[in-house]
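Could you have a look at this structure, given as C-alpha cells, before my questions?
Going by the order they are written in, the chains are A, B, C, D, E and F; count residues from 1 in each one.
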Amino acid sequence: MDLLRRDIELDWHPDACARVPYALYTDRAIYERELDRLFYRGHWCYVGLECEIPNFGDFKRTSIGERDVIVVRDKSGAINVVENRCAHRGVQFCQKSFGQTKTFVCPYHQWSYDLRGNLIGLPFRKGVKQGEKVNGGMPPDFDLADHSLTTLAVESWNGVIFASFDRDVAPLRSFVGPEVGNYMDRIFDGRELTLLGYSRQRIPGNWKLMQENIKDPYHPGLLHTWFVTFGLWRADQQSQMVVDARGRHAAMVSRKNDGGKSDAVTAGVTSFKENMVLQDDRVLDVVIEPWWNGPTVTMLTLFPSLIVQQQVNSLSTRQIIPTGTDTFDFVWTHFGFKDDDAEMTRRRLRQANLFGPAGYVSADDGEVIELSQRGFDQHGDLATVCELDGRGMGGADHNVTETLIRSMYGYYREVMEL
Amino acid sequence: MDLLRRDIELDWHPDACARVPYALYTDRAIYERELDRLFYRGHWCYVGLECEIPNFGDFKRTSIGERDVIVVRDKSGAINVVENRCAHRGVQFCQKSFGQTKTFVCPYHQWSYDLRGNLIGLPFRKGVKQGEKVNGGMPPDFDLADHSLTTLAVESWNGVIFASFDRDVAPLRSFVGPEVGNYMDRIFDGRELTLLGYSRQRIPGNWKLMQENIKDPYHPGLLHTWFVTFGLWRADQQSQMVVDARGRHAAMVSRKNDGGKSDAVTAGVTSFKENMVLQDDRVLDVVIEPWWNGPTVTMLTLFPSLIVQQQVNSLSTRQIIPTGTDTFDFVWTHFGFKDDDAEMTRRRLRQANLFGPAGYVSADDGEVIELSQRGFDQHGDLATVCELDGRGMGGADHNVTETLIRSMYGYYREVMEL
Amino acid sequence: MDLLRRDIELDWHPDACARVPYALYTDRAIYERELDRLFYRGHWCYVGLECEIPNFGDFKRTSIGERDVIVVRDKSGAINVVENRCAHRGVQFCQKSFGQTKTFVCPYHQWSYDLRGNLIGLPFRKGVKQGEKVNGGMPPDFDLADHSLTTLAVESWNGVIFASFDRDVAPLRSFVGPEVGNYMDRIFDGRELTLLGYSRQRIPGNWKLMQENIKDPYHPGLLHTWFVTFGLWRADQQSQMVVDARGRHAAMVSRKNDGGKSDAVTAGVTSFKENMVLQDDRVLDVVIEPWWNGPTVTMLTLFPSLIVQQQVNSLSTRQIIPTGTDTFDFVWTHFGFKDDDAEMTRRRLRQANLFGPAGYVSADDGEVIELSQRGFDQHGDLATVCELDGRGMGGADHNVTETLIRSMYGYYREVMEL
Amino acid sequence: MIAAPVVSVADRLRIEDLYAEYSACLDEGRYDAWPEFFTIDCSYRIVARENYDRGLPLALLSFESRGMLIDRVYGITQTLFHEPYYQRHIVSGFIVKPDGNAFAVRANYLVVRTKAAALPEVYSVGRYVDRIVEHDGSLRFAEKICIFDSELIANSMIYPI
Amino acid sequence: MIAAPVVSVADRLRIEDLYAEYSACLDEGRYDAWPEFFTIDCSYRIVARENYDRGLPLALLSFESRGMLIDRVYGITQTLFHEPYYQRHIVSGFIVKPDGNAFAVRANYLVVRTKAAALPEVYSVGRYVDRIVEHDGSLRFAEKICIFDSELIANSMIYPI
Amino acid sequence: MIAAPVVSVADRLRIEDLYAEYSACLDEGRYDAWPEFFTIDCSYRIVARENYDRGLPLALLSFESRGMLIDRVYGITQTLFHEPYYQRHIVSGFIVKPDGNAFAVRANYLVVRTKAAALPEVYSVGRYVDRIVEHDGSLRFAEKICIFDSELIANSMIYPI
C-alpha cells in the first residue's frame, strides 16, 4: 500500500453529518486514515464464529481491514488470532482458507510458530557444522521472543469472535455497550451455534455504504418490494432504532405486520405490488421462535466491520472487509442453533433465498451501493443529503429516519478528526 | 475520483506548441484540470442526435467527461440534459442506455424527478402517521427546489445536441464560430436525420490523441493505404485546413481525386499499393450528393468532445469520453437523411466498412493512438515534435501541415494555464 | 507514468541492511527513483543473447525498466540497441517481438530510421508541389540529425548483450568486476551459444524480491524439496558466496553432494522427503561437463536486471523487467552450446523441467515472492529481518547466510540515497 | 479409460440440444421460458464450491419446485432492482450416464457477463450436476445443481445460471 | 422440451466439424483459407447486439460476397496496420435446424485475445446465427452473422470472428 | 469444405467423452487419477506457442513416460509449495482424424483459474494436439501437446492442463 501521507482538506456543510462529503467515499488519504484509526486501532473487528473452528488446531483465514489474519484454536481450547505474515521476510505463509494444524511453518525458510504466534524455531539458527567449522546461524543476541507473529487481542461474545490489533482497546462489552449489547445477547445467549455455510461478494463501493445501508430503515420498504408486499418491513411498523452512547453501533428492531395495502405507506410506492402472489410460498413459511420476545427483525451494525442479521428465521453474520476506497468484500456466514430440528434448519435455509448476493431483498442492496459509488466518482466535490427525521443524532422509536447514519458520522468525524 | 490537488510543473520547449510534453498525456493532475476546465466549464460537449430520442419521454444515457448524463425529450418537445446522480445519496439511478419514461425514480428511496430534473416528490416527506403520532419526515425547512438533479445548458445545432454543466457558457454558435460552423451547416442544415446505428470502442490512449488524429492531415495518405491507393485522400489533393478564431475547432476539407500513382505523393510511400484492386468494389460505389458543393471529405473537430465525419457518402458523429489519463471511450453514431432512398442507405452502410473499430481506414487510428500512449508511458520527460509546415498556428490551404494540432495546444495552454 | 515527484521519508532500523523497510517494496516514489537511478542511469541491463539475432537485420524487442527497446544487428554485424519510440510523435512503432528488417518505419507518418537509429527520411519533408506552389514541409532549420531514436550504449560479454541508456556508464567488465566476472567467463568463454527457447512469467511482487531470491542460499535447501532430497543443494555443501567490490553483483557457487539423509541439515526440515524416489529419473540424468571445473551450480546475479543460471546441465538467463511496485515480468532464455551433441541437448531440455514457471525448484520461488509482496502490502510500516550469519556484508565460504542480500541493500542505499 | 458409451447417440445429442436451448433461453433473456426446462417438482440449486465440498447445506439459491422458479422469474423481472447485463453461456465436457429412467449429466460451464459500456468479464465458472428425465417425448431437468468455483461473486447474481 | 432431432447424426457432426475447422483456420492465422468457408455470394456480418436488438442496420463489418472477404483478408494482411494478436475461439451450444436444403445453425462463441507480453483477455462474446448449405459434398456458410454482446470493443477488431 | 466424417460416430463420441473425463479429473483435483489417462510410454508436453511456431525445442514441461507424470503428481501434491487454486477446463472444436490404429485429435482449450477470495481469471488458452490409442477397449493419450497462446504466465503453472 503506497501511503499518500498527505493533508486532507474537507469542507463540511453547516448541517455537518446531515451532509456527507463525497470525498469520504473516494479519497485515498482518508481511506488510509480509516484503516489506521477504525480498523487497526481502538476497535474490535469480527473474525468469525467459534463453531467454525470447534477443535484443537482448527483454523480459518480472514482479514481485518487489509491485513490477513489467522483465527486458530489452541490446545487449551482458547482462540488466538495472529497476523498471517512471517516475521522473517514477510511471507503471507498460510494459504489455506480453513484447516487443521499444530504449528505454523513458513514455506520460504521454515521458520515455525506455535498456535499462539510464538516463534519456536528456525533452521540453522546455531549454524551448520562442516567438519570443525560452524557456518552461519543467527547472531548470539538473536532472541526468538523478538520475532513472534503479530498477535491480536481476542474476545468472544458467546461464540462470536472479535479481534483487535490494538492491545489497549476497551473490553468488548464496553466497546459494544449495553444498548446494542442487549440485542447481541438476545441471539447469542450462549447457545451452541451450527454453521450452515458462506456467501461472498465483492461490492464495488466504499465500505461505509454497507454500514449506512443497515442503518437506513428508510429504504427497505421502498427498495425491497418483497418486504413491503409481504409485510416483512414497512414504514408503519413498530420499530426501534437503537444506538450506543457514541453513536457508532446500532440496532434496527422491528415487528412484522400483515402486509398488503395500506395507503399511508404503499400509496405511490412504485415498488409495491398489490396483487403479487407466490406460486410456492415455502420461502415465507415463518415460524415464531420463543427467544424472539417480540421483534421479528433485528439488524445490528457493529462498527466498523460487522452486521448481524435476524430476519424472521434467517440468521447470519455479515463481515465487511475494505479493499480500497471504492470496493469491499462482504462475507456472509449463515448459522443456526445446535438444537434446531431438521424442519427449522430447512426453514432457515429456505429463507436464505431472500439474502446474500442473489437474495430477493439484498442483491439489490449491493446494486444500489455500486451505483452510489458511481455517483460519487462522477464528481468529487458534493455531498449526500441525510435529513430524514431532522438533522440530529441518536435513536428513534420509528423507522422513518436517517438518524443512525448521522450518528455514525458524528462518531466518525470525532475519531477521524475530520 | 481521488483529486490529487497538487501543483503541476511543466517546462515547455522554446518552440512551445510545436513540442508537446509527454506529461500532457500521462499526468493525473493535468487530467483532472482538463476535466474541470475543458469538459465541465466553458465548453459545449456533444451528447447525441435529436433523432435518437424523437418522442416525448424518450431518453438516452451518455457522458460528459466522467459525469454520466441523461438526455431526455419532455412533453413540450424540448430536450433536457440532467446529471444521472440522485440528489439524495448520490445513486446513479438510471441504468438503461435508452428508454422511455415520464419521470425519473431513484430505486434506493424513490425520490422522483420530472423530465426537467425537478424533484417532485419523495416518500414520507411529511412523515408517517402511527395512531396519533407522526413519525419522521423531512425538516420543515426542507425545500424540494433545493434538491433537483444537476441540470445542464442545452442547445441543438439543427438536430445535433450539445450540453454544458456551465450555465454561463457562450451560446453554441458563437462557441463554434462561423469558420467551422459553415461546415456544420453544410451537413446539418435542418434536414431530418435517420439513425443507422452505433459502434463503441475503448481506446487505451489519452483523449487528446483522437483530437490530434483528426487535426492531422499528414497521416491519412501515409497510414491509410486505402485512402491513398483509391485517391480518397492524398497529399496533393485540394484541401483547406479551417480553424476557428481561438484555434480549438477545425475542419479538414478535401476533394477526392482519381487515385493511382503520382510520384509526388506515392514515391517511397511504403503503404501505397500500386496494383491493389478489389474483388468486389461495392464498398467504393461513391455517388456525389448535391449538397456537397465540392468537398468529398469534411472532418470536423469540435473541441473537446466531438468529431463529425463526412467521408464521401458515409456520415457519422464520433464522441470522445475520457476515462483516465491513458484511456477514453469513442462512440460512433452513423446516420443518414430522412429522404435517402434505399440505394443511398445501402451505400452509406457499405461505406461504413471503412470506418469504426474494424474499418479499413480507422481501425489503425485506434492502434497508433494506443502505441503513442505506450511511447509516452515509457518515459515521462520528453516531448513530441509537431513542426510540419512550420511552428505557427492557424489554417492552411493544403494538407501537408500540423498547424491544426499546434493551434489546439495554443488554445489549450491558455485555458489550462500551463 | 504519472511521476509523483515527492519526498521519501524512510526510517531505517539501527541494523540498517539487516532490516529492509517494507516501503522499499510498496512505495511508488521509491519505485520511480529506482527506474531512474538503477535502470536508466549508471547500470548495464541485459537485453539478450547474440544467438537470438545471428544475421544482418535480425531484431528482437525487449525492455529496460519500463522502456521498450529494440536490439538489432546491422550490416557491419554490430549490435545496436534503440528505444522503441518514434521521435516524431512518440509511437512505439515496432510491434513484432522478433523479426528481420533493413530499416525501421513508423506506421503513423512513415518517418524512417536506419538500424543505428538515425532518422534517414520523412515524407514531404521538402513539402509537396501543387502546380507552382510548394505546400508544407519541414522548417528550413529542421535537421534530421536532431531526431534520431534514443540510442543506447551496447556491450557484449562473449555473446551476452547488455545495454544502457546512460552513455557515460562504466565499461561492462569494470561494471561487473572480476569476482563475478570470472563466473561469467566460465560459462561465456566465447563458445557459440544455441537458443533452446523462452519461458515468460508475470510475477506479482516487487522486482527486488527476485534478486533477493537468488542471493539467498538459505532457502533452496528448505523450500525446494527436490534440491535437498536429491542433494542438488543443501546447507552442508561446499559453497562460495562471491560478491563484487560494491556489493551489488553476486555468485552463489556450490558443489552437489550425494543427497539423502544427514541430520545436520535434514533433521526437522519438513520439506525433506527421505524416501522419495522417482518413477522415471531421466530428469536427473546429470553428466559432468569438463568446463565446470568443480562447481555443479553457479547462480549469478547481475544487478539490477539479470540472473544467469547453471544448474548442473541446465543453462539459462533470466531477465527482470519491473512493471510496477508490486509486479515484474521474468523472462527465461534457455540455451546450450553449439557443440552439444543431441544427447546433451536432450539432457538440458529434460533438466529444464526443474526450472521456469512450472519447474520443480522454481515455480515455488514465484509463489513465495507473490506471498512476500502480499505480506508487505498488508501493512506498510514494518521491516524484514535478514540476520542469518550476522548483520555484516561481503562474501562467505558457506551457504548459511543472508549476507548477499544485506550487501545488495548496502549498495542500494548508497545509490538511491535512502 | 473410456468404455463404449451406454447412452444412445440420439439421446446423447438430444441432451446436448437441451443444454444448447437452455443457454440460448437465458442468454437471450427469455426468462419466462426458463421454468419450462424443469419438471414440476424439480430441484434447482446454485451452490458455492466451498459449501458443496465441505458438506455445508447453504445454497446461494435453492428452489424446490417449478413454482419457485416462476417466482424467481417474477422477482428478477418485476421486483429485484439491478443494473441489467448480458449473459453468455459456454458449456462443454458432457459426461452422460444412464440413471434408471433418467440421465445423470455433468458438464463444465462458463458464463461471461457484459454490462452496458463495459468490457466483458468472466462472471461465473463451475460445474453442472444434473438429472434429466423424459416425459411425453421431451427432456427436462428434474434436478440441476450449479456448483461455482467463482466463490467471490462480482457483486450480485440476478439471472439464472 | 426437446423433441427427437430431425437432422441426421452425420450431418450434425459434420456441422460441428465445420465450426471446428473454421475456428482452427482463424486461430492459426491461416486467413487466406478463411473465405473458402463461405459461398461465392455469401453474406458475413459482425453486428453489435444493441444494433441487432433495436433493428438498427449498422454492422461493424458487412460483406456481401466471398470477394469482399478476400478483400478483407488483403486488408488485414497487407494494408491495415495493427499490433498482431492471437485469437482462440471457443464455440458451444449448437442449435441445428433444417431450413430447406440448408441448415439454420445457432451457437455461442467466445474469443480470447492474447497480445505479445500481455495476459489473455476475453475479447468478444456472442452468438453465431448462420445458414449453411451443401454443395458437391461440402458444407459452406451462405450466411453468417456474429452478434456480439461485447459492444464496447477493446480498441479495434482486425481479424474475423 | 467438410467431407463426410471417416471416424465412426461411436468413436467420435468416445473421444469427446475422454476429454470430458480428463477435464473433470483435473478440475475436481483428482490428480492421482490423471496419469491413468495416458499410455505407459506417453509423451506429454506443455509448450509456449512462440517456441512451437519458431521450432524452438524448449517446453514448459516435457514428460516422456507415465512414470514422469506420476512423479509430477508427487511433486504438485507433496513437494511443490504453491497457493492452491481451482481449474475449470472448457474444450471445444474437436478435429478428429484417423491415424493408423490411432486417432489424431486437435481441440481448443480454455482454463479459468480461481484462487480463494479472488475473482476468476482466464489463465491459459491454447490448442491440444494429441494422439489417442485404444488398448483393450479403452482410449488413452499416447501423445498430448498443450500449445498455449498465453505465453506470459500469471506467475506459475502447478497443475496439469
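One rule holds in what follows: a contact is a pair of C-beta atoms (placed from the backbone, for glycine too) under 8 Å apart; a residue touches a chain by one contact, two chains touch by 3 or more.
This is a predicted model, so every value here is computed, not measured.
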Query - Between subunit C and subunit F, the fewest steps along chains that touch one another - result: 1
Query raised in the report: Where does the C-F interface recur among B-D, C-E or B-E, taking recurrence as more than half of the contact pairs being identical by residue number?
Result: B-E
Query - Centroid spacing, where centroids are CA-atom means, of subunit A and subunit F in whole angstrom - result: 42
Report summary line: So, in whole Å, the Cα centroid of subunit A is separated from that of subunit D by 31
Report summary line: Where subunit D touches two or more other chains at once, the residues are 9, 81-83, 90, 92, 110, 116-117, 119, 122, 151-152, 154
Requested in this report: Mark out which residues of subunit C touch at least two other chains, giving numbers and ranges.
Outcome: 95, 97, 107, 200, 202, 223, 271, 329, 364, 367-368, 371
Report summary line: Pairwise, the chains that touch are A-B, A-C, A-D, A-F, B-C, B-D, B-E, C-E, C-F, D-E, D-F, E-F
Query raised in the report: Which part of subunit A faces subunit D closely enough to touch in the complex?
Result: 97-98, 195-204, 223, 225-226, 229, 271, 273, 276, 278-280, 282-283, 329, 334, 345, 349-350, 352-353, 356-358, 360, 363-364, 366-368, 370-371
Query raised in the report: So in the complex, which bits of subunit E are touching subunit D?
Result: 1-5, 9, 12, 49, 90, 92-95, 106-108, 110, 122, 124-127, 149-152, 154
Requested in this report: Please give the residue numbers of subunit B that touch subunit A in the complex, ascending.
Outcome: 1-3, 5, 66-68, 83-93, 95, 105, 107-110, 121, 123-124, 127-130, 133, 135-139, 142, 147
Query raised in the report: Inside the complex, what are the residues of subunit E that reach subunit B?
Result: 46, 48, 50-51, 54, 56-68, 70-71, 74-75, 78-83, 151-158
Query raised in the report: Across the complex, what residues on subunit F touch subunit A?
Result: 81-84, 116-117, 119
